[in-house]
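These are the structures, in structure tokens.
Here come two complexes built around subunit A, the first alongside subunit B, the second alongside subunit C.
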Partner chain A sequence: MDKTKEQNFQESVRLKSAHVKETASAEKSVPAGYEAFQEEYAVDNDKVFQKTQSCLRKKHSRQKKKASGIRRYFRLLGIYARMDLASLTRDAKFMAIVLTADIVSNISTISGIFLLAWKFGGIGGMDRFEVLFMLAYGNIVMGFLNMMGGCNALFPSRIIGRGQWEHMFIMPLPYAVQLTVGIFPFTGSSSLISGIAMLAMAICHMEAALPWWWPGMLLFQLIVSMAIVTAASYLFSSLAFYAPIQCEEIASTVVYSCDHAKSFPLSGMPPYIRCPLLTIFPAGLLAWFPSMILLGKTTTLQNFYPAVFALFLSLIAAYFFRKGFRYYVKKGINRYSAGGHRS
Partner chain B sequence: MIRKFGATARIAMQTKTGGGVLYLVPDIVMKVVYLVPLLFIWRTLAEGGYEVEMSVSQLLSYTYVNALFADLTVVSTFLSAWDYDARSMEMFTRPMPVFAQIISRTVGEWMPQLFLFSLPMFLAAPLLGIRVLPQTLWAVPSLVLCASLGFAFEIFFCCITIRLRNVSWPTYLIRSAVVSFFSGTVIPFRILPFGMDRWMQYQPFGSMGGAFLSVYVGSASAAEVIPVQLFWNVAVWTFAAVWFQKSRERMVSFGG
Partner chain C sequence: MSKKGLTDTVPAAIAHKDMAVIVSSVSKSFTRWQRKERPQEQGASEEISDGASRDSNGTSRNSGKASRDSGGECFLQEKPGSRQKRIFGKGGIRTVFGQEKRTVTALDDVSFQVKRGEFVAYAGPNGAGKSTTMKLLAGMLQPTAGSVSVLGMSPEKDRIRLMRKLGVLFGNRTELWWDHPVIQSFEWKKVVWDIPEAVYRRNLGMVTELLDIGEIRNTFARELSLGQRMRADLGMMLLHSPEVILLDEPTLGLDVVAKRQMIEFLKRLNREEGVTILVTSHDMDDLEEMARRILMISRGKLVYDGSFDGLRDIAGNLTHLTVTTDGRVPELAGCRLLEGKNGVFQFEVDLTRLPIRGMLERLSQADGILDIEIRKPPIEQVIAQLYQAWKCDAADF
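Showing the complex of A and B:
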């Protein structure tokens, strides 16, 4: 019995040791932390899958939002346009007066300088139709801005000075959308339309053949000129954050002065007059200088000047406007009396 | 009455400078910016050898004097502004005639620009080689008639605004057109092509700034200009006063 027990014990020890050896050899063949790695690998796969799904969902949602945002933007433009048409056609007498005022105003804006050019066969090296081209270009620039900036987007100092920027905080739309949807295509486009008509007339009377890329260049120069006016307006409007009452109308002073001074053909004027009008007070960049570029009367290097200037001015305007805005957020503006009137 | 007139003018002047004199600087700068290129256009034309009906010195004086007296040559009062704060209504609650209030207030509003811009520019004119003294003393009554006609047109345009239920924007546009072309303050009638000078000086707006400036620089005789100015003053004042009496009960104002 004892012998049998001993044999059994030895057999069990042998089997155990064999098992241990087997296990040890098996353990040796699997790298350390393999299971953890496997687990980790499996979890990563899930995460990657989840992340991919989430990104796709977000992208899709963003695309939907973007598409709906663009749709909404155009819908808002349409609403403003309908309101503008309704305001124009509400009364036949009113419509007649508005149209007459527009025609008289547009004729008088350009007639003085053009009649001078007509009488003297041109001014300062520009012939009659080149002067007309310049006047038309200026009309298109200001006409488009007036049409798009109906809700004081072109005159932000009014919005700031009147404490109306705070109204924009609660609107569920970005500032840029709120500022640019206020389009007045029926009551505010006369200058743009007359500008386009005059431009067509001037081009028809020009002797030089225009290259194929010329319309693109015209469009680019128009955008640059508009950027310059807008940037100048926003730069000076930054002052309204600090002095709201005094600077409420500073944007209109800047824009209207540019508008009046843009009609002067600077050809033939001395450099000490021309340079300030192309730098400090850039009225020359709204009509005269771009017209010179489009008529091929500038050097290649000069052609880049308006775009570089627009970029520089826009950056400065953005910096000072943000700085002023931070001040405004802290201090606020209290212009309204209890009765609803502005102080 | 004179004391009331003076007090109203003083208050109006103080409202212009109440925010500080710095508030007036942008307007002054912009006037200079607008004036300088226009002066150089005449010089450019002169250097180009063009024959003009007026001499270069006359043209320079014309433009320069127009800048000095811009507020008087084309009058603009608070009646043309948007009637936000019932300002036109307030006139009827004060113990002073309405027209006297309009005139005294506007004259008061002219003063800061006259002292801060016109006077220094007048004194600086000889340094720039520009003659600013009038060719004849008839320029003084001509200026008075010009400003008077400007007030009459203001009341006339105010009536249009009342009748059209406060459409201030078209009124402003038409006024701007008058300023830039029909009054002859920017381009003298004498140098317009197609013989336009013959009829432009006889239209009612022509008796405003253009008429005064022509007498001032000596490009037109006072005997020719002042009777026309007198005629238009009588005609437009009569019409405007009667129309204002009839229109005032239709006045509507709004806050905001």
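Showing the complex of A and C:
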């Protein structure tokens, strides 16, 4: 069988080379108008050359554009970061108050659960440091979103309800870029920093050895959890396109309620409490369920659930947000709140 | 001056090439929820007044549907089942909560063109559709019908490309960062609009000098007065060298000095840089000083496109004559006395009927004249007349 294949291959190679030779000899034996032919051929060659050059140029300029786009994105992040730093450091007293308030608020949100876990040696099958890990995970998720969600990017219903999308219309940037560059790395990162510190502490105290791919898995789960919060916020915010006054704060209600509910370990809970918290009100997917995955306490099939849910929710949110946006640009909004501009 | 638009005179071949703004057959309608207008239930009130009969004590008799108490207050006396009917039936809860969807036409088949380098005023009474037009041009709204093009680009499809060349300023909102110094907002704009360093430096120098914002550059936006904020906003808008500027009520709330400063700056910008400017304002004197062409809109329809003098022609172009006397009322045949107080008399005269020479002759024959002043009718007054006329037309219609 193999021999026949090889023979066939050799035969086809022979035929091809013969065809090339024939074509070459035919080209050589053009008797009349050979010069004209050659000229034409030469012109064609030039054309091909030019085309190739222009393609390369286009490709090069595309690459250049991409690179400059990335550079510009970082410049945008930089200017927002600089403005945030300027805002924080304008007054030493103000800076001290902001930082202290942030630290106190972060500690208070997690201390109750952690003290309970400490007292009883864990909650619902999770030991103390696993609970700490879960709390840290939740803090990182919300901390990162708070840091990135400056200019109300995490609460689009505020932008819509206050009529401030009109400021976004006149900026020469895609909306996605406008929503993602407004970072507050100095005033909005305390939760993230405390989350990272707690995570390090929890990992140090965990007995099980972590595989090499575990950090990648952690990063993936963090992204998935953030996508779920963001999608939920955008899904509900799409209502603000239709009822701007009533729904101005709907995104903050959704996000903060998820934020508050995420800290409770659901391990010991009955299914009728656990299921809603993993589906219609997905607070369980912001810390508890991903932590169970990362701690290896779920089945392989369950490991995919948060990612599938995030994808599903994101698609729904994107559909409804676009629909609402189309309505907005058609109908307009008779509301503008100057006091809340970019705050 | 005809009512025809100035744009009609532009040859069709070059019309589109030279145009900064093209609005063709644009309509924009909104749906608004509003309380259902319920017809006054006259029958019911008649029943109340007719049916109410008093006995000697002033209390109602049993047959009455309504009666008056001794204090004179009117109250209803229920028939069995009528209370339910009133609450849930016609005129009850159903009507109180009954809302209807109404389509409001903000712009109705509006078409106009603005040439590059033109300074155009866009005026109209409250709710005429000025801001809607501005929002359509800035891409904040999409037209229900028709098309809008600014610098040959669609505000909807080429938003990003267009915004690099378009400057938008709404008087009642600011682009400045509230909790940052003005210069910080300028630097932010430089990065967001990707303004080259040399262009930024040049424009920053220009706006600092011409708008006199050197002193407020380092002040926080929230600490600025309205006039200062407007100047800073205008300066910020110009940093990226826009080719077309849309200004919605830029002189709103400004004092005389700040207004003058802004008007002078805009005129200079248009004259020296060739920037196309479309401006709306309720202050018609300001508009006349700035622009040479005025587009007037009323109830969503473009009702005038031409010069300010043309507008005066439509309103009758009656010249105003102020005569100061020693107290005597001057007898001026052919002039209509508008008002007179403390020896100052206002007349209105049609110079097409009574030429200026004839009028001066009559003035010279009058006794006790101390001073005279002849001037065009104030544009505010002309426009007020027109608004009133349009309002009456609409009511008749």
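FYI, the second predicted complex is superposed on the first by the 277 of 343 C-alpha atoms of A that agree within 3 Å, B and C clash if a C-alpha of one lies under 4 Å from a C-alpha of the other, contacts with A are read in each partner's own complex, and residues count from 1 in each chain.
Rule of thumb we're sticking to: a residue touches a chain if its C-beta (ideal position, glycine included) is under 8 Å from a C-beta of that chain, and two chains touch if they have at least 3 such contacts.
What you see is a predicted model, and the numbers here were worked out from it, not measured in a lab.
Novice: With the two complexes superposed on chain A, say which partner A:L266 touches: subunit B (first), subunit C (second), both, or neither.
Specialist: first
Novice: Quick one: is A:G124 in contact with subunit B, with subunit C, with both, or with neither? Answer first, second, both or neither.
Specialist: first
Novice: Return first, second, both or neither, reflecting whether A:L115 touches subunit B, subunit C, both chains, or no partner chain.
Specialist: first
Novice: Once the shared chain is lined up, is A:S87 touching subunit B (first), subunit C (second), both, or neither of them?
Specialist: So A:S87 only meets subunit C here.
Novice: Mind working out whether A:Q302 is in touch with subunit B, subunit C, both or neither, as first, second, both or neither?
Specialist: Touch status of A:Q302: no partner.
Novice: May I ask you to decide whether A:G332 touches subunit B, subunit C, both, or neither, giving the answer as first, second, both or neither?
Specialist: In the superposition, A:G332 contacts subunit C only.
Novice: Given the touch rule stated above, what does A:T279 touch, subunit B (first), subunit C (second), both, or neither?
Specialist: neither
Novice: Touching A:S61 in the superposition: subunit B (first), subunit C (second), both, neither?
Specialist: neither
Novice: Between subunit B (first) and subunit C (second), which, if any, makes contact with A:Q50: first, second, both or neither?
Specialist: neither
Novice: Looking at subunit A, does subunit C or subunit B touch more of its residues?
Specialist: Ranking subunit B and subunit C by residues of subunit A touched puts B first.
Novice: Overlap of the subunit B and subunit C footprints on subunit A, residue-wise?
Specialist: 341-342
Novice: Mind listing the subunit B positions that touch subunit A in their complex?
Specialist: 19-20, 22-23, 26-27, 30, 33-34, 36-38, 40-41, 44-45, 47-48, 50, 84-85, 164, 167, 169-171, 173-174, 176-178, 180-182, 186-187, 191-193, 196, 255-256
Novice: With touch defined as at the start, can you tell me which subunit A residues reach subunit B in the complex?
Specialist: 93-94, 97-98, 100-102, 104-105, 107-109, 111-113, 115-116, 118-120, 123-124, 243, 245-246, 250, 253-254, 257, 260-261, 264-270, 273, 277, 281, 283, 339-342
Novice: Please output the residues of subunit C touching subunit A within their complex, sorted ascending.
Specialist: Checking each residue of subunit C against subunit A gives 30-31, 132, 135, 138-142, 144, 156, 159-161, 163-164, 166, 168, 170, 172-175, 177-180, 184, 187-188, 191-194.
Novice: For the complex, give me every residue of subunit A touching subunit C.
Specialist: The touching residues are 72, 75-76, 78-79, 83, 86-87, 166-167, 169-174, 329-332, 336, 338, 341-343.
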